[in-house]
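Please see the structure below; I have some questions.
All chains are identified by letter, namely A, B, C, D, E and F, in their written order; residue positions are counted from 1 within each chain.
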Amino acid sequence: MRVDEAYSGNVFIKSHPNFEESEAVIYGMPMDWTVSYRPGSRFGPARVREVSIGLEEYSPYLDRDLADIKYYDAGDIPLPFGNPQKSLDTIEEFVEKILAANKFPVGIGGEHLVSWPVMQAVYRKYPDLAIIHMDAHTDLRDEFEGEALSHSTPIKKIANLIGPKNVYSFGIRSGMKEEFEWAKEVGMHISKFEVLEPLKEMLPKLAGRPVYVTIDIDVLDPAHAPGTGTVDAGGITSRELLASIHEIARSEVNVVGCDLVEIAPIYDPSEQTVNTASKLIREMMLGFVKK
Amino acid sequence: MRVDEAYSGNVFIKSHPNFEESEAVIYGMPMDWTVSYRPGSRFGPARVREVSIGLEEYSPYLDRDLADIKYYDAGDIPLPFGNPQKSLDTIEEFVEKILAANKFPVGIGGEHLVSWPVMQAVYRKYPDLAIIHMDAHTDLRDEFEGEALSHSTPIKKIANLIGPKNVYSFGIRSGMKEEFEWAKEVGMHISKFEVLEPLKEMLPKLAGRPVYVTIDIDVLDPAHAPGTGTVDAGGITSRELLASIHEIARSEVNVVGCDLVEIAPIYDPSEQTVNTASKLIREMMLGFVKK
Amino acid sequence: MRVDEAYSGNVFIKSHPNFEESEAVIYGMPMDWTVSYRPGSRFGPARVREVSIGLEEYSPYLDRDLADIKYYDAGDIPLPFGNPQKSLDTIEEFVEKILAANKFPVGIGGEHLVSWPVMQAVYRKYPDLAIIHMDAHTDLRDEFEGEALSHSTPIKKIANLIGPKNVYSFGIRSGMKEEFEWAKEVGMHISKFEVLEPLKEMLPKLAGRPVYVTIDIDVLDPAHAPGTGTVDAGGITSRELLASIHEIARSEVNVVGCDLVEIAPIYDPSEQTVNTASKLIREMMLGFVKK
Amino acid sequence: MRVDEAYSGNVFIKSHPNFEESEAVIYGMPMDWTVSYRPGSRFGPARVREVSIGLEEYSPYLDRDLADIKYYDAGDIPLPFGNPQKSLDTIEEFVEKILAANKFPVGIGGEHLVSWPVMQAVYRKYPDLAIIHMDAHTDLRDEFEGEALSHSTPIKKIANLIGPKNVYSFGIRSGMKEEFEWAKEVGMHISKFEVLEPLKEMLPKLAGRPVYVTIDIDVLDPAHAPGTGTVDAGGITSRELLASIHEIARSEVNVVGCDLVEIAPIYDPSEQTVNTASKLIREMMLGFVKK
Amino acid sequence: MRVDEAYSGNVFIKSHPNFEESEAVIYGMPMDWTVSYRPGSRFGPARVREVSIGLEEYSPYLDRDLADIKYYDAGDIPLPFGNPQKSLDTIEEFVEKILAANKFPVGIGGEHLVSWPVMQAVYRKYPDLAIIHMDAHTDLRDEFEGEALSHSTPIKKIANLIGPKNVYSFGIRSGMKEEFEWAKEVGMHISKFEVLEPLKEMLPKLAGRPVYVTIDIDVLDPAHAPGTGTVDAGGITSRELLASIHEIARSEVNVVGCDLVEIAPIYDPSEQTVNTASKLIREMMLGFVKK
Amino acid sequence: MRVDEAYSGNVFIKSHPNFEESEAVIYGMPMDWTVSYRPGSRFGPARVREVSIGLEEYSPYLDRDLADIKYYDAGDIPLPFGNPQKSLDTIEEFVEKILAANKFPVGIGGEHLVSWPVMQAVYRKYPDLAIIHMDAHTDLRDEFEGEALSHSTPIKKIANLIGPKNVYSFGIRSGMKEEFEWAKEVGMHISKFEVLEPLKEMLPKLAGRPVYVTIDIDVLDPAHAPGTGTVDAGGITSRELLASIHEIARSEVNVVGCDLVEIAPIYDPSEQTVNTASKLIREMMLGFVKK
């Protein structure tokens, strides 16, 4: 009965009501203004929270329960519609506070460009940072039709910032020839088509390093995530993605933050994409957030 | 920036964070277990809240703004799935607390049976109570296929409790012959098909009396509210329903509570039904809740 | 409990199990192979039956109950996919049996071309036949892109057979200039845009005559019937269509058969179109079928 | 031409018209009132039948044809909305008649709780009964939010009745920690995540025993069955499920009944889930029903 | 047979292949990056063209045929995703060329902000310009959450440019109190809720003047146009909107350009909104473009 | 800026504007009038073109770019609705022109029967022709419910024309027993269920021969292609289909034409099927069309 209690509203299931006491912070980045194909990912974070009530709290994969960690749901960051630069600045400032408070950031997007300011903030805190990136797309463009702020560019930006050899992309099945060539030249790792097997090879190399994990949900085949902006056939299954998250969780890598982006609910009337996203968030938190 | 503030989550737009200071209380009654046709109204309240962010706060109909009143969103009442009696008891107990605190109850359903415990609680506080009921259906059955707890029965129950002459139904276009005949015999008011014009006639008779307003969203034509359990062609427009709410708001009637029920979002991929419901809740609060 | 009884399957609600004892016969005509825009009306009849379980059996408009008449549901006529001529022959043969048994035919379509063989059969039995036709489209073409068997032609065919002065079209808001001109020249009645008011004027002229009523559900505005092949804005409401059916029912006209066509469920995920069609069938039977 | 024949209505394709002469009986259990997440499985059985017209009658997997067996479609069991106990009693009484007539029961749900009364009836006839259970969820709760009659409980109930060692669950990927622990303690078999391979190991142990097969369609990944109440990423493919059914069919196990539950059509506008369910029913009948 | 001809692709039905010889030019403005609620109108123009093949070419309302005028379909203006200012500049430059060639511009949106550069260009050519604006929303904000380039601002901008007394808004049912007050103070015309009747009053005052007509499709009730970003109950019917266009067409006003904006197809699986938009474009061209 | 240029409209991305200079020709065959289950594939070609704007032009699978070949998009062949024979004649005449001009034909369907006239024309040019056929269904019927022109017959027709030993079917999981038996008797190759592995075995046997590749998109599992007429569980993944196309591309086979058919967009609101089809067309052109 909640009449005489504070009602915490629609938050991710089992969120802790207090920011200070939490180890991790969930936040939405409801931006989709630079996407080149189908918009709508601004509603991803809200719908992922909403369907999280359908989640079991226990993970039989990791034998861990949401009750084992404390996380605060900070809601969606208010972003100015149609203004990419100001939106990115707002996100960066927001995440800096989370990091300053020594909490683990768990972002939900939103288009992939939102990961750029997050990764910048994380890099300032962890100069030895590496990126694990799962995606259908390279996201290595310098600009899209003249725009440097585009959802096709975040991995190029972070590669330029932290050095391309510190970026590891998996599951890539779409991009311009120039993007693949650039990656090859500069020594950035790209695993085409596959995620789990190449990840198993790469993880030992990253042992002990701080790693930020950024997952574009379109790394999944459209069969498993129809609710995203740019569906691209030939992706991995949700089983492989879950196994990949668990592989990271069980590795020697020090995950220092993560996000899941490009969830666009309107394209999926079955709601399977948001339900899957909600489960992925659960598994990432249970796997990555340490006591 | 909400990192260091309490996040109030997904609540109806502009809700007041404090129960005690509020004049009205919004609450969801997510029950749909006795419906005889299409279930799904359990998700109505949550989705109405969610889309309320798209609402303008000002009503050009009533020249009043949501900032002019204080209302608390108490969230959804947790109800035991598949147990009608216990669900009704829980609702009744919940609403009694709201009434005991002298706040105006604004319920969102959920199937129409949820109005039954609310009206019981309201009646205990206001023994001179009258009911204004807008609906496609009579809801005057004694039972449905043997079940006395059915979404086809709440108006019969309240009519039996407070006396059928105190119940005024409008917009009715579906029911058994026996239901219409019973109403006639016992002197209960039923306006078939129309709402606004007969309402204008009846409101003066109710001047000064405490009135509870219960609206089944299927009083609207399916064109205006496809997202409901039992769609029935030949209903009124959303313009007529808005005008009817405004007619009550401007009358001498003393509205002491209201609800809007049978919102089943899954049947309406366009989301127009939940957006319309959200606007109707705004207009009811602006029209019915006095300072 | 149906284990040891004959199972009556998916039939229109309250259908009589026996053909011989029935006064009316419902049958589906699941053909959509000549449509020029969106196909799918082959599934109309089956879905209309399926949702009829959601219908109240009593009509508060006509104060009559489905229990007051006996009607048999003959199911869908099996039609050869992609063969218009053979399909029409099959329908004609089927309806002749119904008429030979002196039963009232109630057809559900399927594209509008299915009405052509029905009307031929009815005309053979009633040489003084007149047609009341409600539709968004004239359907007065001689052919469509070279095809004489097209869903754009049935009214032209019947007008040529029984004489254009015996055909009364209502609600027409789409057609070629030549179609409107032809109708004018030969003295065929066309009411543009409106149904109810011109119908009230015309009905006295048809008093005592045998009349077949053919309704294309797209006479309704797309808001009221999105589930049809060719949606065309600016149509009438379901209230006006219901009132028009009731106007005919209360007139001196001798209705000898009727159909409702062009119901294409797939375009309407809200299922409002099939539910509306189901109610229209109820009202037509209650209004047109005499003891 | 069905005018002068008995109309067999909406039944599963090629159903036999006579109960007595049939070897198997298909029946729907349209109940969804205790589900904790998305309702709508009450419409599963009707839609599965409806789309069965799209099925080929021959199975190239089993080289057997629907013409090789006789099965009667008894339609949906009429159940009282919102009354779980009475619904379960009605189902149990219904299935007892089927078993008394020595026919093979093939149930379609409906929520998973409907399997509980079926399994009770089957157990009375076959005291040496074992259960093969394929599901995403353990369904081993004692109650859900206080309700002992919940769709989360049927496997616990049957395990308690026939002994947990006689219950074999496969494909489980969701549940409370306590449920997994209980199963382990009492020696109930649970294969997490996988179905086909562990099934191959277990089937020899069950050789010669009477086995009831209960399949929750959510054992499939949401990609393969989006139309269910609780979608949970990481499931098996429809290929694996088909192969698992064939594995049982070819084993020494004596299947004495089966069901397929939790089909909720409204969440899948593509209709793939009901089409898949229809094919699964065909394969189960061709594989399990002996002459 | 088009193998050896130039294929003109997907253009609005009956478009003329030659720009120079045409009297009017259709163009899409696929921008939706500043919208504050549901994006997706970038796909409006393409889908409106696509469904135009379902249109009859003749208007029985205006007794005029698309063959009577020549119009060129210039396709969608390529706009830089996420860059509002550059998008507006591109549109303005594009429309200036159309006006310089003395052709009638017919724009399809896209969000309402796209009308701002069009109206600027038109105003430079017609300094005595007046605006007829049909919309659910005032669009009179100075900025939205800090952004001056927002879909909530175009009418304020044009009112400031050409003088508020030259702007006539109709059908408005949503806005901030300040917007309505500002309009009143500065003498801008706003008809709340209604379109046709106040338009009839205003048109004589505009006789002889150059007028640009801008229609936000959300002036329609959501029942008639669910496929738009911001659905708002209580709007007008498509019949009233068609009649309003015809009223302008038959008036003494000199229409010099027009647009129809905010068509977001994804929210309307029935496709009625794009079909309605396609018909509205036909009626505007037949009514407004003179020989 | 396209105001003063010829606008090439909605064509497959990067199509060449000139037929004569092109090496390949894309054309749509918008016919669905003989389908026995769900119609709607007439809209497949148009929607595949429309979404091709979302494609990356480079294939990381084949390391080839659409810029490397020239192809002309001839649009949809205009076909007479409801007249199968005349439609097939029109297609045959059309494709003969393409072949006469020595261009590679790339067809998009439409129902599978459209491949029959194409294969006839190709066979006249290449008397040593073999067919590679990927499909869920045998398509080896002689007729369907009496109709020899049916979407269930094209492979039988071509087998009879060129000899069954020259036809290789893969992925088949549905058909009548008689169809499988006939294939066995006459020595036609059918790989049940699998595509990639048996294809690897067969391709060496076809080395050097002219081969036409016809793909029914329902060879994919419904999870990967819900937007098709006849969904059938247990199909292959889009990864396997892509790999199969690449296997052919890298083989010694001389592909002389190809098609992709049975794309019915309306059944897939997520649009994944048309996006997948668009990618498959890209891969087939990059793999099969030589300089």
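Quick notes on this one:
By definition in this document, a residue touches a chain if its C-beta (ideal position, glycine included) is under 8 Å from a C-beta of that chain, and two chains touch if they have at least 3 such contacts.
Everything numeric here is computed off the predicted structure, so don't read it as measured data.
Separating the centre of chain A from that of chain F, both taken as means of CA atoms, is a distance of 38 Å.
Chain B and chain D have Cα centroids lying 39 Å from one another. Chain A has residues 38, 221, 223-224, 267, 269 in contact with two or more other chains. Arrangement of the chains shown, judged by which pairs touch: an irregular graph that fits none of the line, ring, star or complete shapes.
By the contact rule set out at the top, the touching chain pairs are A-B, A-D, A-E, A-F, B-C, B-D, B-E, C-D, C-E, C-F, D-F, E-F. Every residue of chain C that touches chain E in the complex is listed here, in rising order: 37-38, 137, 172-177, 180, 192-193, 221-224, 226-227, 230-235, 267-269. Those residues of chain D that touch chain C in the complex are listed here as 1-4, 6-11, 19, 25, 46, 49-50, 73-75, 77-78, 93-94, 97-98, 101, 269. Chain C meets chain B in the complex at residues 53-54, 56-58, 60-61, 63, 65, 221, 223-224, 237-239, 242, 269-272, 275-276, 279-280. Within the complex formed with chain C, the residues of chain F that make contact are 32-36, 38-40, 42-43, 78, 80-84, 86, 144-147, 149-150, 266-267, 269.
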